[in-house]
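Once you scroll down, you'll see the structures, which are given as structure tokens.
Look for chain A in each of the two complexes below; its partner is chain B in the first and chain C in the second.
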Partner chain A sequence: MIALAIFSIPLLLSLLLFNSRSNSNKLALTGLMTTLVVAIVGKVLQSYGHIISLDVPLIDTIGFHFSLILDGPAFVMVLLTLIAGIGILYSIDKEIQNANRFYAWSMMMIAAMLGAFMAADALMFYLCYEWALIPIFFLILKWGHGEHLSKITMRFFLYTLFGSLFMMLSLLYVHQSMAHPTFEMNAMWEAGKALTAGQQGWVFAGLFIAFAVKMPVFPFHSWQPSTYDHAPIQGTMLLAAIMLKMATFGLVRWALPMVPAGIEEHGQWAIYLSVISVIYASLMALTQKRLKLMIAYSSVAHVGMISAGVLSNTDQGTVGGLFEMFSHGILAVAMFAVYQMIESRVGHDRMNEMGGIRTSAPSFAFLFFILVMGSVALPFTSGFVGEFLLLQSLSNTGLGLAALAGLSVILGAAYMLRGFQKMMLGGKAIAFSALSSKETMILSIAVIIVIALGIYPNILIQLIQNIL
Partner chain B sequence: MEKLVALIPLFPALGFLCITFLGKNMSKTAVGTLATAMVGISFVLASLVFSTQLHEGHATMVKVFDWIHVGTFKVDISFIVDPLSSLYILFITGVGSLIHLYSIGYMHEDEGFNRFMSYLNLFVFFMLLLVLGDNLLLLFVGWEGVGVCSFMLIGFWYKDHANNDAAKKAFVINRIGDLGLLLAMTLIFIQCGSLNYNDLMISGGDIASLGKWTTLAAILLFIGAMGKSAQFPLHTWLPDAMAGPTPVSALIHAATMVTAGIYLVARFSDLFAMSEMASQVVTWAGVITAVMGASIALTQNDIKKVLAYSTVSQLGFMFAALGMGAYSIAVFHVVTHAFFKALLFLGSGSVIHAMGGEQDIRRMGGLKNHMSITYWTFLIGTIAIAGIFPFAGFFSKDQILAHAMENNLTVFVLLMLAAAGTAFYMFRMFYLTFHGKFRGTHEQEHHLHESPATMTTPLIVLAIASTIGGFIGFPHAIGESLHVHHWLDHFLSGTVVAAHSHLDATAEIILALVAMGVAGGMIYFAYNTYVSRGINALEDEEINSGLHKLLLKKYGFDELYDNIIRKPIDYIASGLHHWVEDKALMNIVDGSGSSVKGIARLLQGLQNGQIITYLLAMIGGLIALLFLI
Partner chain C sequence: MIILLISALLGVALLALEIFKLRSWMMPLMLISFMAILAGTAIQWGLAENIMNQNMISMDAFALKGISILTILAAFWLVTQHKNIQATGNSSDLYALIAFSFCGALLMTNFTNLVMLFLAIEILSIPLYVLAASKRGDQLSNESGFKYFLLGSVASSILLFGIALIYGATASFDLYTIHHFMATQNTHPWIMVGLVMMLVGFAFKISAAPFHFWAPDVYQGAPTPITGWMATVVKGAAIIGMFRLFAGAFEGAMSTFAGIIAIMVTLTLIIANGMATLQHNVKRMLAFSGISHAGFLLSTLLIPGFASQALMFYILGYGIASLIAFTIMQNVGSQIGEELHAFEGLAKKSPFSAAMMTIALLSMAGIPPLAGFFGKYYIISGLMGHYTWLTIIMVLTSVVGMYYYLKVIFVMYGKSENGASYTENGKLYPILGAIALLTLFAFSAFI
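Take a look at the complex of A and B:
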């Protein structure tokens, strides 16, 4: 029942907020914190042998279960969703129009994503995966900005909806191959593995296209930069920190255990595509003049690395992938929060037109620098542990591939430091007021998480490995 | 006693944290004292650890905690105490604490004093991790950590973008090397199943399972070393790194960090000894760097740039030694070089301090009358690097030459040339700076003064070390006839593959005399040119000779890399941005633009309608139902 509580607290709050005029921010934050406490208590109880998962048959004829589990990978993603969610809602720095609706949609999206992460039923995963799209669609359309907003939002919506169709087909194909069809997780895994390698290859192709659109991976990424750019900043954070993790998590939870032979024998193209994506996105980041877009492309590069490492199907790849998902989620919230802090003070995010912010705001520069280091995967930051394990995993597929993907180590340093230098350093000092205590708090907590997990990653690794 | 080793990196880390978080309320004196004391305590502990190693001399591992355990991949935060690491921590903390002390005086007027001292402490912490880690991954932590500190300290005066550019260049070029090291790690783990020195070499010997990958692994490791130790063709960042304050140049870019590459190769001497080809690559990269650095240094007029190219060249000597299998001798040269090069940099800092920031030796001259401690200590450093008996540089360089003579005559001749060049450019700089007439402004002349005691004390200590430091590695052949053991070679023999020179005493003495004769000739030549005839170095626009211009332009590597690497990458990136990102992909996606618009209008209509409420009611009802079940 605890798994159900984790899923339903945000959902019920969302429904409540649709019909309320109360102080939505406090309510939403309290709700997420309560959920976080519930999740942690649940995990502790589980370690003492309590059953906290839930399995309710819904439609027997097709074997559809409402089924939630909280194993290692699910728990880590739940933690990320809640911690990042709290950070995202806490980072709101100005009055929002129709605030209660804004929070309601955000909470509903969080609920859907929690559902996808905890789902132990393929159909339920699919439904939650799709359902999460509806709240973010309205968040962007209603609270976004820019000229072609509706066009951009539609492109995003249809693109990802279209991608997911392939997942549906793949899941149905596995489903119908069973004697007694069910969407239950273990049965799906077994049924998938029973297919021939060739069939598995097709199933994998369908899954990967759906995930590749969501992550995104080159060349399916073209919805992403403009969506990130025009979405309200909290919407961008939800997309980058949590939503895209449903896709990378989908690789770990559904693709790897279900069609391992298909990946190994007919799925190598996906690894190549991911590596291309890493380099392509790094080069794109290099050409960006605006901070928000630079962060957006840098995110594509990181996700490509996760995809390539995970698909190499080693222990290091799976664990490193989940670790990097967590780390990237925290860093994404923090980096976009940095963007918000700069944009709200300077009025734009064109890096060439800034300079010397460090002189006016030294502690901001200090915190930002550590985040930059986390983002370029410096050892003793969480970014390193994930990227190293992923690179190690990718080397099993091919040292040359690892070398190519590793170029992001160099390119990442180049564009990140260039951006940092242009904005923060130099003699021309633009006016920049000191951070508020709230802003300092957000960045400090992110920095503490990033460094703590870099120095003592084993705590997260052990959580992830509970079932591995 | 070995357990103490865990505390050694801890103190500088504490110093960094204290100054960063509590420094605002502390006086400059307190901050300076704290930072110096932290490294000083580490030095005391390092001496204790070192002295136990003198007696026992075997490797001990001290595990602190589990770091990354995933499946078969197990790496811990764990330290190794053995002759190699204990020697390194000894000179890192020793030279390090002297440079901290010096910085108190040198940086006293700077508004970023606290920041400076905290970065220095952080640097020492990472440098100690680098050499103390008992596995490659922990070495990599220190490796990248010192890189970041180097970045922050090169760009310490961040208001000037020239400094920031130099810092960024150092970091990015180092990252090229780091990628090599990363790939070496993944390769070694896949083939050997471990990253621990103990499994790989000391007791396990798993490194042998590399098989056909041996050469590749060694070369990838060496690419890492090339970045950090500024070896050709990744050497271009080091001279630019002189943009940092002078104590940084002394500590990071001369004595310690840049020798991490030598540490790495020496640590993996078992691996390099297995691959003749990799060893050849190391040798030739070293020789090319040694000759190239020395030749560029001949023409430089910035006192710190001369020293920087000299460092590049000396590091080349060390790699040449490593490539020829003389691992312990390379480490020996690291130690003596740390003494005399730190001394020379600190001396140049004292000069720059007195000259009010002037670094061009053409605007100096006659300083010996104004600052005698700096003059005499600088002279000792210059003699030591020129290779005159019995100063420290003589012993280590002489043995590298001896090895070259045995192994490869071409290498020997080239290194001999580089050594001759070293003697000349060092004394050229020395004479132009300290002898002759003062060539600066009247204002500068009036301002000339000896530096305060916090700065001269380290100079004196380092001068003593540069004078007698060479005796830890007395030449083998001569040593035996004089009943003095080659102490260092013996000490390190448990850790690195030992290499003894087979030259007999007579040959070694003849070689030493020839080398000193060449150096002496060069010194005389420099004296004759710059003191007797009183010639000043040419102004840039007076230079006509093509070779001279080429050297002054550092063989044009910066321009070359700009044209063959940076510009093409920028070109490709912006081409992709224009043609693929903005044109091709967008057209495919928006190809059916009208239909998209149609659906958009439809969905926008939903937004205000009742459908959402229905949807929510449905989901809510479902959940309520579930609770009932």
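Take a look at the complex of A and C:
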């Protein structure tokens, strides 16, 4: 039942917010914090043997269950969704038009993503995966900016829809191969493994197209930079921090256990694509002149790393992937928050035209620097643990691949430090007012999480491995 | 039997009400009749299949399902379109014709004899020729009626020729006898020729490519409420009749015909979705989208074992969504215009209409958790593993479909605004429809 509460509190709140006028921000934040407390209490109860998962058969004829579980991976992603969600909604720094609807759509999106992470039923996962598109569609369309907004939104929506329909085909293919078709997670895994390696390869191809579009992986990434650029900043955070994790999480939860042989024998192209994506996105980030686009491309690079490591199908890969998803989610929120702080003060985000911010706002520069370190995977930050495990896993597939992907750490250091240097250091000092307490709080919490996980990664790793 | 009697007498009773100047009773009477028909199906539900009237009709489970679904759609059509029909001033004629056509639609679900099939199609179609042209002063409406009449009668005659050839080969009109004949005797060439002709006739009626050319013009020209009726109840009845015919009599020939049907489905999906992206007139776009849904409906014939659940669910989900869309379309069309730019900024003028249109379009596009998604889901999962290539085409064309549905949504929620004023026209029934679209999947086990 607690699993149901985690899913339904944001959902009910979203419906409430559509009809409320006052103080949407506080209501939404309180709701998310309540959900976070409920989730943690639920996990503790679960460790004492309480059953908190839920399994209600909805459509018997096709074996569709409304089924939610909170095992290790799901719990980590739920934590990420809620913590990042709180950060995202808390980071709003100016009045939004139709604020209640904005919060309502955000909450609905968070509910859908929570559903996808907790789903123990393939159709339920698919439904939530698709459903999360509708809120973000309206968020971008109504609160985004730029001239070609509708064109960009259309491309984003059609692209991701196109991908996920292939996932449906793959899931259905596995589903119909059963004697008594059901979408239940374990049954889907078994049925998938029972297919021949060739069939598994096709099933994996369908799944990977869906996930690759969402992550995105080169060559399916073309929707991403412009969408990130024109979406409202909170929408971008939702996309980068949480939504694309549905795809990487989908690899861990559905692709790996269902079609291992297919990945092993016919799925290596996906690893190559992911590694290419890492290099390509790093190089692109290196050439960007605008901070927001640089962060967007760096996000592509990190996700490509997650995808490559996870697909190597080792334990380190899975654990490292989930770890990196969490770490990247927190860092993405923080990085885009940094962008928002700079953009709202300077008026643009062209890195070449800035400089010397450190002299005006030293504490901001310090916090930003630690985030940059986390992003380039320096030891004692959370980014290091994730990338290390992923690279180790990737080296099992091929040392060359791991070496290539490892380049991204160097390239990442190059573009991140270069960006930092251009904006924060240098002779010309542009005016930059000190951070408000709210902004300091957001960055500090992110920094604390990044460092804590870097020094003591076992907290999260044990949670991930705790399969209850 | 009582069900058919009710539906047949309904039209006569409506004409009588006009004579006694009791126009305001018409809508309640129709609603009561629809309720009575639903009650009738509920009573007969689960009873042994009873073949009636010299083996002409059979109220089996398939027929009862079909009748309930068509009746629900007809009732929903009635409550959403009542005001528009009243506004035309000759509601008694229109309602009587609708009732007759409804009677034909019901017959399409339960015939067991090819003669009954032909009668059902004619009873269904002839009122529609008049209805399509019922906006008397309007040239497009006249053109629509005339086109529909000419092409529809050609289709009917081809169908009739097919029936005659089959009779020539099997010496019977009875579906069971034909089925038995096909199972035991060598296939006679006339049967194949006849079957192709019947297939062509039906393809005309459900507007499947390459026999779809009449549909856009007719749908666009006919008054919007009538278009709504044609796109939902009539199309549903035609495909139910086709399904019954092929499942009941020509199961043995399906191995030969599956290929032809699969190609027709492919053509329909590609042509309809491709053409729909080019349209600037929303009503015409909805017509093309209706053709593409005919492709999905037709593909249910390919599902092994003739499982009717996918078909019935799709008709209901698609029907409700299109009726909502046509209701909003009628409101916007009569007050502003039918072109795409008439929808500009509708969300600001009437958040309600825009939201309903959005839900209907998203359902037609197959976005979960709306009914349209589950409709497509049942069909694709039925075909998966048997016609995997077809499911891939379905998925790809669905993305194309998403594009033109989204265009309307974008225009409605976009920044530019059309100057013309707009007033709501009844809220309750579209809301009911939207709720149905959201919850329908939970009932799919019963359908």
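Assume the second predicted complex is superposed on the first by the 467 of 468 C-alpha atoms of A that agree within 3 Å, B and C clash if a C-alpha of one lies under 4 Å from a C-alpha of the other, contacts with A are read in each partner's own complex, and residues count from 1 in each chain.
Note that a contact is a pair of C-beta atoms (placed from the backbone, for glycine too) under 8 Å apart; a residue touches a chain by one contact, two chains touch by 3 or more.
Just so it is clear, the model here is predicted, and its values are computed rather than measured.
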Contacts of A:P219 with chain B and chain C, given as first, second, both or neither: first
Which of chain B and chain C A:Q392 touches, first, second, both or neither: first
First (chain B), second (chain C), both or neither touched by A:V56: first
Partner chain in contact with A:S150 - chain B first, chain C second, else both or neither: both
Partner chain in contact with A:N186 - chain B first, chain C second, else both or neither: neither
Which partner, chain B or chain C, touches more chain A residues: B
Which superposed partner A:L283 touches (first chain B, second chain C, both, neither): first
Which superposed partner A:N23 touches (first chain B, second chain C, both, neither): neither
Partner chain(s) touched by A:L141 [first = chain B, second = chain C, both, neither]: both
Contacts of A:L158 with chain B and chain C, given as first, second, both or neither: both
Residues on chain A lying within both footprints (that of chain B and that of chain C): 134, 138, 141-142, 150, 153-154, 157-158
Residue ranges of chain A in contact with chain C within the complex: 58-62, 126-127, 130-131, 133-134, 138, 141-142, 150, 153-154, 157-158, 161-162, 165-166, 168-169, 172-173, 175-177
Complex contacts: residues of chain B adjacent to chain A: 65-73, 137, 140-141, 143-145, 148, 151, 155, 158-161, 164-165, 168, 171-172, 175-176, 178-179, 182-183, 185-187, 189-190, 569-570, 572-574, 576-577, 580-581, 585-586, 588-590, 596-597, 599-600, 603-604, 607, 613, 615-616, 619-620, 623, 626-627, 629
For the chain C and chain A complex, residues of the former touching the latter: 309, 362, 367-369, 373, 377-378, 380-381, 384-385, 388, 391-392, 395-396, 398-399, 402-403, 406-407, 410, 413-414, 441-442, 444-445
Touching residues on chain A, where the partner in the complex is chain B: 4, 8, 11-12, 14-15, 18, 56, 66, 108, 134, 137-138, 141-142, 150-151, 153-155, 157-159, 219, 222-223, 280, 283-284, 286-287, 314-316, 319-320, 356, 358-359, 373, 378-380, 384-385, 388-389, 391-392, 395-396, 399, 402-403, 406-407, 409-410, 413-414, 417-418, 421, 425-427, 456-458, 461, 465, 468
